[in-house]
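Lettered A, B and C in written order, each chain numbered from 1.
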Amino acid sequence: MMEHVNFLISILPELWKGLLVSLELSAGALLLGLIIGLPVSLARTYGKGIIKAIAVAYIELIRGTPMVVQLVIIYFGLPDIGIVLDRIPAAIIALGINSSAYQAEYFRGAILSIDSGQMMAAEAIGMSKRQAVLNIILPQALRLVLPPWSNELVYMIKYTSVAFLIAVPELMARGKMIISWTFKPLEVLFWVGVIYVIVLSLVAKIVDTIEAKISIPGFQMSRESF
Amino acid sequence: MGINEHTWKVISAIPYLLKGVGMTLKITFLALIFGAFFGLLLALARVYGGSISRRFAIVYSRIIRSLPLLVILFMLYYLASEILDLSPFLAVVLALAVHTSAYQSEIFRGSIQSISKGQMEAALALGMSKFQCVLYIILPQALRRALPYWSNEAAIVLKDSALAYVLGIAELMRRGEYVVARSSQSALLTYLIIGIIYFILTSVLTRSLLYAEKKLRIPC
Amino acid sequence: MAKQILRIENLRKKYGDTEVLKGVSLTVEEGEVVVIIGPSGTGKSTLLRCINHLTTADSGDIYLENQKIERGKTDLNKVRQQIGMVFQDFNLFNHLTAIQNVSIGLVKVKKMDKKKAMEKAYKELARVGLEDKINHYPAELSGGQKQRVAIARALAMDPKIMLFDEPTSALDPELIGEVLAVMKDLAMAGMTMIVVSHELGFARDAADRIVFLENGVVSEIGTPEKIFYNPEKQRTKEFISKITQLHTSGNNQESAGL
């Protein structure tokens, strides 16, 4: 028993450093995903012609391909045309682009779920379409999008583990490193798993608290699918 | 811009890449089937089970959904090579199946719970056993409702199967890596081609499941 | 002769193959209350929506205070500020409290100072009897209260004319009275109004003229006395008696008694 505890204590600092990198990647990717995803969803929802077509193609292509493929295209592929990225920026960009397509669809779903009467009423008091989207539609959509968005947060923290494939020293990669020194794969993986479970439970708790804080009567905030 | 030597090498490797599609589909298909089986059992345990099986289903789903697929993959891989005597192929299939079973259990649970209580009551009133109710009345409706979510999950499993390459299985992604390793300046084109192949695969998969959905739809 | 607020000339609108409005003309003078009645599907709502261009008519002209409203040339947002609209299903902004619902148009569209906007919003809510509900969200209000907030929201913009699109038809019978009372007060205060409604009690008491719209045309128009007791057309008479029967045979005592 003591032996296992000592082992855990010996690997914990390394895993902690890995966790911090994982969280850094997640935060960067989510933010990038939001910055790209929101305009893309508006382009798909309200855009016309070529703008809409580009947004649709972007979303479908990203969602139709594995994240690993996107990652290797950006990290191993782009140098072929002279774009060389460091590991961490490459991982954040790949994860962020991936997330943007999903976030765009969450936003679109939320926007479409808002009753058309809201737009009509906004126009009836003289708002321009832009004002109506900004002041009436988006504030409601952003609240509705929170549950799927927090799922995306959880997914993202898990999926940062693919960054290990381009040797970003995140949690998974540090685990693999420790395995290669200690030759205790199952024990190390067990603790890596435990850390993921704890962190994701904490994140889910925090998100729940935030949702409860900003909830408004009349907006259902159910997180479960269905 | 003419076709240079590197480009030509990649293009001539396409048939080689395409051979990986079979393996990708095999992994995906098996993982989905096992995952659906486990997932449905877990969902039934969760909705109709006693307190122990219900709690097990909840904890299983919670934990598995918190673990990255790579962690599950490596765990099973080391378990397979150290303790059980499984091939890497089986380890991959099992890892994907375990991972997706947790998500599928949530999908099935949601769809079962979305069927109105009256359906069960009406079936019980006819004299059906609870088992019969679930089998003949609840599941045929619930599974239809689950299908859109299930096809979404199927596409996810197909894409996740790309991670199998880390265990050296010669599916699409792994073959891409070989091609890249063999000739310089071929990474971008090779991985783009692989991306396109995956895109076609997921499109075909989701289209055909959408078709199935339409065929099975009940007027409501 | 009183000042003309709104003039509609020969308005036509088709949805697919069905022509909903087949050349409707109507003039509304300042302070006048016009109630539009008619069977469902005769284009009453479409007519209202064409007035503030929420729907674009195929042909015909609309003048607001003798200014022609033309899509592309006129700033529709300016026009809509001057035309208040109340919807059948309220369309309150779900993410805003009652007072925010009323003030948002003032702040965002009229660029009014936020504090002033809140004061005005409070005044308008008090006018419809909801000063104790200003911080409630729509989901916390009854249907009648929601509709009164919607009326206050439209009034806050100081419109030249108010359009009411079946404002009570989504309400439970016991809540209709409070909304009609607010509308009557408005009529008394001299607001120019076009009301699509089958509340005949309201029409009799508050309307200056009643328009009977049928099959996309103005079939008959006149004072309440004329339309109720001495209509020119048999169809008008039949329709009025059908509506009256529906209301008295139903449990809708309050509105029937109005």
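Rule of thumb we're sticking to: a contact is a pair of C-beta atoms (placed from the backbone, for glycine too) under 8 Å apart; a residue touches a chain by one contact, two chains touch by 3 or more.
In this text the structure is predicted, and so the values were computed from the model without any measurement.
The chain with its CA mean position farthest from that of chain A is C. Each chain gets a centre from its C-alpha atoms; the one nearest the centre of all protein C-alpha atoms is A.
With centres defined as mean CA coordinates, chain B is found 20 Å away from chain A.
Computed centre separation for the pair chain A/chain C is 46 angstrom, with centres defined by C-alpha atoms. Distance between chain B and chain C, defined via averaged C-alpha coordinates, is recorded as 55 Å.
Contacts with at least two other chains are made by no residue of chain A. Within the complex, the chain A residues that touch chain C are 115, 117-118, 120-128, 131, 135-136, 139-140, 143, 216-219. Listed in rising order, the residues of chain A touching chain B in the complex are 61, 63-70, 72-73, 76-81, 154, 158-159, 161-162, 164-165, 172, 175-176, 185-186, 189-190, 192-193, 196-197, 200-201, 224-226.
The touching residues of chain B, when paired with chain A in their complex, are 62-63, 65-71, 74-75, 78-79, 82, 106-107, 110-111, 113-114, 149, 155, 159-163, 165-166, 173, 176, 180, 185-192, 194-195, 198-199, 202-203. The residues of chain C lying in touch with chain A in their complex are 52, 54, 77-81, 83-85, 87, 89-95, 104-105, 108-110, 137-140, 150, 153-154, 157.
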